[in-house]
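So that we are looking at the same thing, I have put the structure below in structure tokens.
Chain nomenclature is as follows: A, B, C and D, assigned in order of appearance, with residue numbering initiated at 1 for each chain independently.
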Amino acid sequence: MSSATYLVSAPDQPGLVARLSGFFYELGLNILDASNHTDVHAEGAPRFFMRLVVDLAGLAKPGAAEKLGGSADRKALEKAFNALGEALAASWSVGYSDVLPRVAMLVTKDPTCLYDLILRQRSGELQCEIPVIISNHSHLESVADSFRIPFVALPVTAETKAAQEKQILAELKRHHVDLVILARYMQVLTDEFLQQAPCVINIHHGFLPAFQGAKPYHQAHARGVKLIGATAHYATKDLDQGPIIEQDVARVTHGMGPEELVRVGRDVERVVLARAVRAHVERRVIVEGRRTMVL
Amino acid sequence: MSSATYLVSAPDQPGLVARLSGFFYELGLNILDASNHTDVHAEGAPRFFMRLVVDLAGLAKPGAAEKLGGSADRKALEKAFNALGEALAASWSVGYSDVLPRVAMLVTKDPTCLYDLILRQRSGELQCEIPVIISNHSHLESVADSFRIPFVALPVTAETKAAQEKQILAELKRHHVDLVILARYMQVLTDEFLQQAPCVINIHHGFLPAFQGAKPYHQAHARGVKLIGATAHYATKDLDQGPIIEQDVARVTHGMGPEELVRVGRDVERVVLARAVRAHVERRVIVEGRRTMVL
Amino acid sequence: MSSATYLVSAPDQPGLVARLSGFFYELGLNILDASNHTDVHAEGAPRFFMRLVVDLAGLAKPGAAEKLGGSADRKALEKAFNALGEALAASWSVGYSDVLPRVAMLVTKDPTCLYDLILRQRSGELQCEIPVIISNHSHLESVADSFRIPFVALPVTAETKAAQEKQILAELKRHHVDLVILARYMQVLTDEFLQQAPCVINIHHGFLPAFQGAKPYHQAHARGVKLIGATAHYATKDLDQGPIIEQDVARVTHGMGPEELVRVGRDVERVVLARAVRAHVERRVIVEGRRTMVL
Amino acid sequence: MSSATYLVSAPDQPGLVARLSGFFYELGLNILDASNHTDVHAEGAPRFFMRLVVDLAGLAKPGAAEKLGGSADRKALEKAFNALGEALAASWSVGYSDVLPRVAMLVTKDPTCLYDLILRQRSGELQCEIPVIISNHSHLESVADSFRIPFVALPVTAETKAAQEKQILAELKRHHVDLVILARYMQVLTDEFLQQAPCVINIHHGFLPAFQGAKPYHQAHARGVKLIGATAHYATKDLDQGPIIEQDVARVTHGMGPEELVRVGRDVERVVLARAVRAHVERRVIVEGRRTMVL
């Protein structure tokens, strides 16, 4: 049975929950899950966010077609909801449970995040398709093969970067990709790429205090940190500054050398990335400026 | 500005979010916060739970009185909401932000949980009043004094237990207590007491595997456990089996003796109890059979 | 460069650290890492535990051979250390960094723990060999193939159980297996098997409170637990009662159904099992009665 | 029964564990606890760290006096150990279990950390004395009174800062203070003060990413962080850059406003500070450059 998940963001005003849920009630569509949040600290004015999961079975009930102006299909429903959205000055989007998001993995040589995400998808934990794995190396081709996922090797040098990114974009388009995961892809992506690409999720290590420059794990060791963190975020122009989706840390001790800190850091990166991808494909994340709401 | 927090539990049916939020929308009352959950795994049939925080300022707006049948006060609002509740076969309750819950502490000799809860109340983190501290010892009277909270010492022996519990009940009544916290009160309460007392929250240590019998921390040490837990729950007839509100664990090592396990266990008990009390006084907890929903 | 890791357990007495470390000092062998613990709560009398990692490069230095009675090899060193061990009434064992433990995986259909452990081994995090994967199903053969690890399918029924366990033992012997991991092997092993098998590590789910009987995740859901745990332990006759190596928990909410609790539980089982296997292959675990010391 | 805890730091060389533990063995002093670590990543050359807890009862045994050159007291033992320390080019210090460290609290208006540390001391968890509480306000005098601890109010303005810090130093000296805790003391201390003061521990909030400038919790909210951290460290000239003793984080959500982030941050600061103070008074912390070893 199919469901639709709506994400709505609008200026706050009285009656928003009632009007949004009432829209579906009047059409005879059951709300399976709903959550909302009003950010009273938003810049300018309070802002309202809502996630609604609606059972589409009700579209087949008598009366729905009439109320939607003749045809009770998804297109008519979207049109009707859009009218409400405009009345509320809302931004909104919808996804359908039977149309899985198509997720491309960008990798280099490290297989850990790649295996982790594929296995979670295969076990049903991540409801998405993985139509293609793209890499600047051929190193992980056998992993892709073992799961029968198309693999595209696109080597890159400083000279060929612009051309290679165009090739990546072409592959993403060809495979109708909705979401790109940087699963330890060891290349910086250009602004041009990010502007043309679909949504991109990146995973980044993190430390308290923060360390600038090269070899952050060596710096963290030299400073004797007791925690190592990771942050999953949407990639924006300012690469590591995009809206944060998920964060976590792992405990380390004085007895661990830089290599061991790297290992622990990779482990926490893997878990944090998986949680962020899951929240995204379940349509739980609303971006508002530099923040996310995870509903 | 005052608000009302509603907790609602009802058999699931289409339109519940719309009807509950629509009730307040039509009265011109703004919903400040709302969350809901449908338990499809409930015994019998799916069950719906909702928490709504409503701004009562709208009661002063023209039109509210008319719609409520003459007077726009809390009593009229409760009456009107009750009619909706009956139509939905719902259980519901309401609390007001300007009527703080009155919380009694039952203690023996250990001051840690007592101090912790009082300090959280004084800092504004726990929105409640603490009208009385009751103990079977006089040990903690000076703590109560230093915060100017009435202290009642009611010593107890096996022979006087029934009488002492009656005295406790009388004190709870006299101080209009809504909630009792067993903040390391080292006496087992009888079924008779629990049936007549207001809501009671208890904190209980916990281990994996579970240990029966005396000296659980010594058993946990002998078994080499790596985690020690605590569970905060409502006290019911079957004392340690009531609905769980909050749980957490702390890590321990082979190097810790039984006394140190006790210390770590107390620390986690204190934190878990504080979180559970906070969830309760913020009216986030709905009990359904042996489970809680923390909305 | 090779190192030797000693695990020593002995009745406590003054001078143990000095005598054990002095043994290697006099031979010119550098101690790379040392940790010890005295359990004053042990039954009977206090007991001393020590882990020593020794650089074997010193065996090549002049003088070592002379002190060891002629030949400065591992055998002579073991013989000399054994004399000290006997003088201290100690139990001890030694492993060498260039002799990797040989670890067999027992699996059924769930690939998660299997992938996780193999990937950690391939990344160098788990210093061991995986000479064979044994299963009562052929389901995971392709996983074994993709990593070029021999796979043995040994189906089992109630009637063939004794025979099948003998076949498993034969495979373990044939592959010179030192450690068996029950990586979600969904069969109960008999006492006879456990008595003849090498060391076996099992992973077990855990709940607070504990649930007896079938469908523990459904029971945990019905009870509204807020945490789900996992315990990795050595398998002994009383299957789930062996010495605990590692434990952890994950947080769950009222919104998660039994299937989601299973998913979260599996995830924590996977992480806990990996940590336990790592501690074992790094020779950090000393078993003493029903407890472990993880040094 | 008294014990001595030694902290030793030395250039690494073979035989250090043997020589240090052998020193006490030859005197007939039992080692109650020992741990050591070799930092192979240290700048320059590998460095060795050891913590030894020694039972002083052995000083009364026949032979100890003779070996110590006549008198078997602490002074003679320190002199003998110092000879070994010089031979090893070691830095070392010793503390005695019957000579509790004297810890002064510096506070302003927030009582939470102060209560927390006093209660841990009173329960025996923190083995120290608290001879004085110093504040730039009189706000917390009643708290000090309720625990019968001397309270000194030393108000400060920009003009009187140098004079006030001198007064603080005089109080610290008068009370023979070994350790100063900045328990939410809301004044920046000058370099001059820190150079003359005994050891100072500070607690600092922390965020991923890091935020410069005013109102860090508001910045963290605007950025949508999912974790808030705290770092306890020794205060050095560069106030928030001293060697880290302990760190931890707490999880926050998009639903929490800046004030709630402050509350969660305070809670984690309190716990982290308590753990750091405990490690220090138990003599588990060795500072080496910008790092600490917590043995």
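By our rule, contacts are C-beta pairs under 8 Å (C-beta built on N, C-alpha and C of every residue); 3 or more make two chains touch, one makes a residue touch a chain.
The model shown is predicted, which means the values in this text are computed figures rather than measured ones.
Novice: If you tally contacting C-beta pairs, which comes out ahead, A-D or A-B? Let me know.
Specialist: If we tally the C-beta pairs in contact for A-B and A-D, the bigger total goes to A-D.
Novice: What chain is the most remote from chain D, judged by the mean position of CA atoms in each chain?
Specialist: A
Novice: Does the chain B and chain D pair touch with the same residues on each side or with different residues, judged by whether over half of the numbers are shared?
Specialist: Mostly the same residues.
Novice: Provide the C-alpha centroid distance between chain A and chain B, rounded to the nearest whole angstrom.
Specialist: Centre separation, chain A to chain B: 37 Å.
Novice: Nearest whole angstrom, what separates the Cα centre of chain A from the Cα centre of chain D?
Specialist: 43
Novice: Hunt down the residues of chain C that sit against at least two other chains at once, touch-wise.
Specialist: Residues 37 of chain C each touch two or more of the other chains.
Novice: Over in the complex, which chain A residues touch chain C? Could you list them?
Specialist: By the definition above, chain A touches chain C via 111-112, 115, 119, 123, 125, 142, 146, 263.
Novice: Looking at the complex, which residues from chain A come into contact with chain B?
Specialist: Residues of chain A touching chain B: 14-19, 21-22, 24-26, 28-38, 58.
Novice: Once bound in the complex, which stretches of chain A touch chain D?
Specialist: Going by the criterion above, the answer is residues 37, 39-41, 43, 206-210, 221-227, 229, 231, 240-241, 243-244, 246-249, 253-255, 257-258, 290-294.
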